[in-house]
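A single structure is presented below for examination.
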């Protein structure tokens, strides 16, 4: 219970700081809308039916926004050396990792909701699925976001005390996102096409496996990435 | 008397440089050791080893004869550390910061402890102001509160007076002095001879990772210690 | 292992490797029959596949040495990991350069998202990230640890990438001119391929031992200078 209360304390602290500053949320929110604008002008809607490529656009936007916002996961710890304070306390570092994954997943999930709304409006999207479709979509989004955030939480620690700063993160993270993109986009495409759940199940299983692998690897390797 | 804090022949290298080189000392409860030395002497690295944040390459550190392991969480709950950086979140209030640390240290009755600690340090009235809006002096007292909240046996202070005006320094000095009466063991790293000698029971000069001078503080006068410091460093080739 | 012993090992592997490379080239240009459907340019297959083999084996070595380095903290393991990464990057680059040449014959296109080629491209970038992290971290010791983390995460992702890309490709079978997995091999072709795998492996071990010993000397010199 103490372990979970530490995880929650870390997540709560992150979210409280973010609510007070709104720095990352503002940047990520603005980016979500503006990327939708750019997508609109980059697609010839007389040639392409946007409904068919909407899942790709949604997930690409999520990844770009995630890179922008999650690259700064440790910035608040960098000011005043708060990270040293965390490292000098008797918590286990994987609790710190899970706390960060939790807070950043909540942050990114709220942005994904914004992206869905914005893109639905900008591209006049329709969602043919019933309640099962919405549940499946929620599942895909949750697993997709969790797998992305788990890897970002580990590799963003690299940017701390690095001469390249946050610009190194895309080089490290993007190759690793390929399996996540494949399964989230395929599943979302099928959900938008109102395909039966049996066709989506495999993607969900694969995403769940990816989440598990990345969370276990992240928690195990985190202390090597974060220790001074 | 069994020493409270013991360092036995500890060494640590970074990229081939010996940051800490064979340092040993014993401190009893209620004693304060002041460490002086030029920049790059390895003083901060020494404190990090004592705090259990960095593992030494050789040697060992023990508190009440319990040996430190870097992953020993029990050890970290017995240490408090204050540096010139607050390790606090500017966007949270003093109370919120301390509540967060209380959770990390799994403290009972955190609200009462926080109130007591802040009252002792004279910062209770600032409890609900954001840390970023506080003066440097209040921030440093809040940092001390953070370090003392879990009632550590050993307190490590790394340039705690940095950036403080005279009045704030005085207040901090009084607080540190009161800690010794509480049977805590204190290690103080400072560039200020006056502040370091005022409260020290023992003194050490660290240069190039080694203690090049150690001894009891036998009432050194300021100029006397300055001469000793300069001569010692000259002999070391500075 | 002392330096003279390492020198002997590298020389032995070097000599054997060069001999095997000469044999390979003889077999490729003069011995192995020309594949019926693809013609003479198919012979690049015997260079292309062995370079893949070495690239992936190298990355396995990087990940293994990185894992044990994080566990034991022995600097020699980090030296071995960075040496394997350098070799791996070279062979991945060879594979990426010869891959499109092969692809133009097999698929009629310079690039296709075939699982091995895709994986090699991503692997190249994982290697790049490995080196960037090492070079750009302010504290060199921390840089080694972070590079080890990148190496381990990379190797965990490789099977995920391969499975996912292969699965996606199975949904959208592309029109291919010829069998994209390579020609159906007769005995002589298989023998040539095996000689290629052996030759490249021997050359890799030779390069690895030479580079590893110079890396250790560099590190020892740096420590003495300090």
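The chains carry the letters A, B and C, assigned in the order they are written, with residues numbered from 1 in each.
The rule we apply is simple: contacts are C-beta pairs under 8 Å (C-beta built on N, C-alpha and C of every residue); 3 or more make two chains touch, one makes a residue touch a chain.
Predicted, not measured: the structure shown is a model, and the values here were computed from it.
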Checklist entry - Which chain would you call central, comparing Cα centres to the global Cα centre? => result A
Next on the checklist: As a test of understanding: of all chains, whose mean C-alpha position lies farthest from that of subunit B?
Outcome noted: C
Next on the checklist: Can you work out the whole-Å distance between the CA centroids of subunit A and subunit C?
Outcome noted: 32
Checklist outcome for this item: Between subunit A and subunit B, the Cα-mean centres are separated in Å by 40
Checklist entry - Rounded to the nearest whole Å, what is the centre-to-centre distance of subunit B and subunit C, using the mean of the C-alpha atoms as each centre? => result 50
Checklist outcome for this item: So subunit A residues touching two or more other chains come to 227-228
Item to check | Numbers and ranges of subunit C residues touching at least 2 other chains | outcome: 139
Checklist entry - Which positions of subunit A touch subunit C when the two form their complex? => result 151, 154-155, 157-158, 161-164, 168, 171-172, 174-176, 178-179, 182-183, 186, 206, 210, 213, 217, 221, 224-225, 227-228
Checklist entry - Considering the complex alone, what residue numbers of subunit C touch subunit A? => result 70, 118, 122-123, 125-126, 128-129, 132-133, 136-139, 142, 145-146, 148-150, 152-154, 156-157, 160-161, 163-165, 167-168, 171
Next on the checklist: Under the definition above, what is the set of subunit A residues touching subunit B in their complex?
Outcome noted: 2, 5-6, 9, 13, 16-17, 20-21, 76, 79-82, 84-92, 227-228
Checklist outcome for this item: So, in the complex, the side of subunit B touching subunit A is made of residues 48, 51-54, 73-74, 76-77, 79, 81, 83, 85-92, 96, 100-101, 103-106, 130, 146
